[in-house]
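Consider the two complexes below, in which subunit A is the common component and subunit B and subunit C are the respective partners.
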Partner chain A sequence: MRSSKRNSELWIAFGFMMPAAILVSVLMYWPMVDTFRESLFASSFINPTPEYVGFETYRRILADPVFWQILRNSVVWTMGVVLLQNVVGFFIALLLNQQLPGQGILRSLVLLPWVLPGVVVAILWRFMYDPQLGLVNSFLMRFGAIDRGIGWLAEPSIAMAAVIFVAFWKGFPFSTVIFLAALQNVDKEQIEAAKVDGAGPVRRLIDVVIPAIAPVAAVNVLLTTILTFNYFDIIYVLTRGGPLNKTAIFPTRIYEVGFGQFRFGEAAAYGTISVLVLVLVVASLMMFRFFGYKEVRS
Partner chain B sequence: MTRHAKRLRIAGLSVLQIVVAALVLLPFFWMLSVSFKPATEAFAIPAELWPRNPTLENYVLALRPEFRRYFLNSMIVSGATLAITIPLGLLAAYSLSRFQYRILSVFLAMVVLAQFFPAGAMIIPIYKIVRSAGLLDTYASLIIAYITVTLPVAIWMMRGFLMRVPRTLEEAAAIDGASPLRAFVDIVIPLARPGIVATSVFVLIVTWQEFLFALSFTSSKEMRTLPVGMNDYIGQYGVRYGELMASSVMISVPVIAVFFFLQRQFVAGLTAGAVKG
Partner chain C sequence: MISRKTLSVAVLSAGTMLAAPVAHAEQIVLKFWDNQQTESGLSVFQQEAVKRFEEENPDIKVEVTTIPYPEYQQRLLTAVQAGNGPDVSTVDQIWNAAFAEAGAILSLDDMIEGTSISGDAFFPGAWESANYNGNLWGVPFNVDVWFFAFVNKDLFEEAGVDPATISTWEGLEAAAPKLTDPATGRYAIGLTGNKSEYPVVMTNSLIYSNGGTVLDENGKCALTQPEAIEALEYYKRMAEYAPAGILNAPNEPMRELFLNGTLAIELWPALEQPALEKSEIDWDVYAGFAPEGKTAVGTFGGWNLVVYKGTEHQEAALKFVEFMTREDVNGDVVDLIPANVNAASTFLQENRAKPDMMLEHLNNAKPRPLSTQYLQVSEIQQNMVQNFLSGSASVSDAAAAACAAIDGL
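Showing the complex of A and B:
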């Protein structure tokens, strides 16, 4: 009787886990390892048979100025989106946390950009940014800020800022919702106590609210960093990494090399390097003690 | 605070509310507006916010047969991914929430880590697996790829919910002679339903918009999903923004509808783990 109960417990513990464990191992862990193996071989559209070349591909990539540009772009893109999304997202959460009329509706509406498919967001903003037909230019012209349409996505010096803004627009609701939930969990008595001690709103924010939500902020920054670094849709649809590779980041480069030029070995090498870069970025976030990693989800 | 100051504060914050609402709604409203504009107005310079003579012609044009095919493909792929992810994820989540064997903690760590694997770093090997199985340009290739995106997150989310389902009920059922399997089906699943719903919404939102795998693994028009089909439209229909916006609206409606109906549960699911810690 005892042992049959124990058997059925074992059966449930392992039997239930097994299908998912096999899928995660075969479809995720194996490919992660295989990417590295793949990167040691070279093949192309003309020469489809893979040939072992060792670290030659890495040597070539590191000698290519395009790689360094992509590395720089990836850092600028990730930091820009993460900062904008979390700082603005936090202040919007503060606003939504106030007792005001219309808050219920606003709290729902604010999630809208996050729900919209990435490709739709990108197409919408392609249009918003259109030099002649776009809303952005026609607003700015109406208020006299500019006298002729700007090609936001075609101008090498501003294209990156333009794509960062779009990713911010799509992503900030996520940060806002998480921050809002955290703000609603802040101990009301502590805030009241600070009020009694004569602390103004800014003091209360700095001394009570921000320390209370710091762990959530760390989770938010970590999650958005990883998601942004790996984000493909918006840049691909808006600019394809152009103009002049000014907005190319690792995922767009991997797609271009792998499925545009069929150089799988090189794409796999870029994939391996991108994982290393991401690990470094996350590790440096942790070094800043920016890390309250307990229960995290994307 | 005096009444006057209080009123001033509310007025100031209301202005900020309007700014936030505009930031969110203006682009969205613009998409709707252009989708109802006749072609002549979509090209007006400078752009007008309201359509003068609203028309449905863009929607009629956008509903071409290939669009309906993309829609069907997206529904099949998203639906099948959901139908695989949720049961397998729920079983694994149950195991991870109830038992303490060492191998399970190893698996839990694997699941957490796997959530952060970049698709770009896995895509070449997954492409090769799919190609050697002869599955390129099929629904199966996309479903396999999408599982890598959804399964770890789904396990993680549902585990969070199951941790909060008290064990005492299962123990009581065991005393009454119910087998563990029976207790799981009759007690745990019904109690975990809000978590299952929240996770399903998340999976649907993610798979409905997935772009990189769909772009790389499908080559024929018959197999394209909505996001990839939309991306093709940019090349084919260039600046026919009215149609593009009408298609965009139609793609977005299903996710927005699901989201607004199940919003409360979904937000609870999204925030619970991250906030409670």
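Showing the complex of A and C:
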């Protein structure tokens, strides 16, 4: 009797879940599966009838030095932005968590870069970095740091650092907000107890605050990694992946191949590889987090 | 009692009411897509021309869709691929061959027989851009040339250089150091080297002016030929006198520098003139540059009108193409220069400085390679320019690598 009631409850639960499950499958998973399927066919605008080529496109991509450059760039870009964004975001959150005068205004100001659309930020920084008319060169020249205009986005050796800085500038408020929320939930009694035990500010930060916010920090790193890896607008507007492909990452390459040259099969293959790379990165981060906790617990 | 007259009126009215929907149903509706590159009020002019066309052809109605240039390529290709494309549209000259190869558009050779459409009416380079594999796939609609050299006369005067001397490579090379002073932020010439079509059309123009080409008559890469190498070497030398940051420089910042009076020469198509007229710059314009004894040859830019295979109204579509490229209409419906030579001549006389010089430069201009894989060829050329401008490869090595890549496509 109880079992049949349980069965009918299960069916009702499935019934309620089905619309959402169907929507998610159709809108999210089917396009992903279809992208992989398309990557096994050679198709372009001039050859619109797809021709099955299996993994040939993948073989060609992996044999192309540009692919490995894009892979390296994607890793450097993601690590650079995530590291800067989270470290600086954390310290700014610490500052904002103090009882400073005008705290409300400060918090709003810090959020400003984050609420700007990526394209606007990129256009803004294109002007800032302009070798002739840009504020960055003008500022550095005024203080004697440089004696001639530098093409920040044009020098192959510094272009990646320049675009990382822009993405960090736009993204750090996101990390700040999450860290700030976490800091405000740290148990005050623990901090007081540490004070009573004679712990100074640095010791309290290392032994009380950081362990308390570690789970939030991990989620923060995970989210910013996924968002940064998939960033497109900032790099595309600033450099289009140049110079010499030094700032090309997976999303810019996919756009260039798919919508710039209409090689749909190759774009789909790049898309599939990029998802695999991201899954690997995210899995590594989650493993690191899992084993990190295990270590702490043991 | 109903009178005979009343009855007749009633019958006539009923007949008209019944006939009206039939007449309406027979009206052909053509979908025409174009893009807008300048703020010239193009869509308004086109709507007016369309009214004229509809008056001349009461059985045809035209729906005009004007799309901003940056979105045009993607929207058009997506629509064509999905089978919801227009009946007639403009396509960039560099897409024409690919559209033909993809089977998206109609060959017009047989269709234009008996119409007023003829190659003689258009600029030779523009007509060439509409031909692929021995067939005609479009009709030139509008054109412009990369590039005309716009000069700041005040900067030339200060440097003691006669602007007319820059029409030769030698003259430009002699003038460039005098026009450049990085300490005061002044530069001779606005060259580009970013990932875009700008460096491609600029280097192509130098190659054409030196008697070279990008692809030879067999479709093989000709960038390693001496004429091309000399032109690319020249571009690299002249980059010394261009504003810093050339590897990420599109042409728009060059315009800003020209307009703020720190750049002596900017390279743009003739469409730049209205912007300069609004500025306070004392400017003049010359055709591009060529080695002593040779003629400057520009790279054609512009759009062709094509008729889609999917259209159910081929005849009406061609009638519309014929109308839009007619001498008395073409000048009213384009925001570049009309592709119809007579219309262009009138347009240039009324709207552009040195109209005769411009007309001659348009007549000499050559299209970019007519390849179905043009977009890949262009990307390879962009990489080549970046490679030699950055110093990561010599000009000849960069050209050899580009040719290997192009011939391997």
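In this text, the second predicted complex is superposed on the first by the 266 of 298 C-alpha atoms of A that agree within 3 Å, B and C clash if a C-alpha of one lies under 4 Å from a C-alpha of the other, contacts with A are read in each partner's own complex, and residues count from 1 in each chain.
Convention: a residue touches a chain if its C-beta (ideal position, glycine included) is under 8 Å from a C-beta of that chain, and two chains touch if they have at least 3 such contacts.
All values reported here derive from a predicted model rather than from experimental measurement.
Participant: If you stack the two complexes on chain A, which partner ends up touching A:Gln261: first (subunit B), second (subunit C), both, or neither?
Facilitator: Only subunit C is touched by A:Gln261; subunit B is not.
Participant: Of the two partner chains, subunit B (first) and subunit C (second), which one does A:Trp77 touch, if any: first, second, both, or neither?
Facilitator: A:Trp77: touches no partner chain.
Participant: Just to be sure I read the superposition right, which of the two partners does A:Arg240 touch: subunit B = first, subunit C = second, or both, or neither?
Facilitator: Only subunit C is touched by A:Arg240; subunit B is not.
Participant: Between subunit B (first) and subunit C (second), which, if any, makes contact with A:Phe168: first, second, both or neither?
Facilitator: Touch status of A:Phe168: no partner.
Participant: Taking the superposition on A as described, I'd like to know which of subunit B and subunit C A:Trp125 touches: first, second, both or neither.
Facilitator: Touch status of A:Trp125: first partner only.
Participant: For A:Ala182, decide between first (touching subunit B), second (touching subunit C), both and neither.
Facilitator: First partner only.
Participant: With the two complexes superposed on chain A, say which partner A:Phe250 touches: subunit B (first), subunit C (second), both, or neither.
Facilitator: Touch status of A:Phe250: first partner only.
Participant: Considering only touches as defined above, state whether A:Ile46 meets subunit B (first), subunit C (second), both or neither.
Facilitator: Only subunit C is touched by A:Ile46; subunit B is not.
Participant: For the three-chain arrangement built by superposition, which of subunit B and subunit C touches the greater number of subunit A residues?
Facilitator: Counting contacted residues of subunit A, the larger count belongs to B.
Participant: So in the superposed three-chain picture, is A:Ile150 touching just subunit B, just subunit C, both, or none of them (first/second/both/neither)?
Facilitator: In the superposition, A:Ile150 contacts subunit C only.
Participant: Which residues of subunit A are in contact with subunit B in one complex and with subunit C in the other?
Facilitator: In the superposed arrangement, which is not itself an observed complex, subunit A uses residues 130, 132-133, 259 for both subunit B and subunit C.
Participant: In their shared complex, at which residues does subunit A touch subunit B?
Facilitator: 8-9, 12-14, 16-17, 19-21, 23-25, 27-32, 34-35, 38, 92, 95-96, 98, 100-103, 106, 108-113, 115-120, 123-128, 130, 132-135, 137-138, 141-142, 169, 173-174, 177-178, 181-182, 185, 215-216, 219-220, 223, 226, 229-230, 232-233, 236-237, 250-251, 254-255, 258-259, 264, 267-268, 270-272, 274-275, 278, 292, 294-298
Participant: What residues of subunit C sit close enough to touch subunit A in their complex?
Facilitator: Against subunit A, the touching part of subunit C is residues 74, 77, 81, 98, 101-103, 182, 185, 193-196, 243-249, 253, 256-257, 260, 262, 372-373, 375-376, 379, 383, 386-387, 390, 392.
Participant: Contact residues on subunit A for subunit C in the complex?
Facilitator: On the subunit A side, the touching residues are 45-48, 130-133, 148-156, 159, 238-245, 256, 259-262.
Participant: Can you list the subunit B residues touching subunit A in their complex?
Facilitator: Touch list, subunit B to subunit A: 10, 13-14, 16-17, 20-21, 23-28, 30-31, 34, 42-43, 45-47, 49, 88-89, 91-92, 94-96, 98-99, 101, 103-104, 107, 110-112, 114-129, 144, 147-148, 151-153, 155-157, 160, 179-181, 184, 205, 208-209, 211-212, 215-216, 226-228, 230-231, 234, 239, 241, 244-245, 248, 251-252, 255-256, 259-260, 263, 267, 270-271, 273-277.
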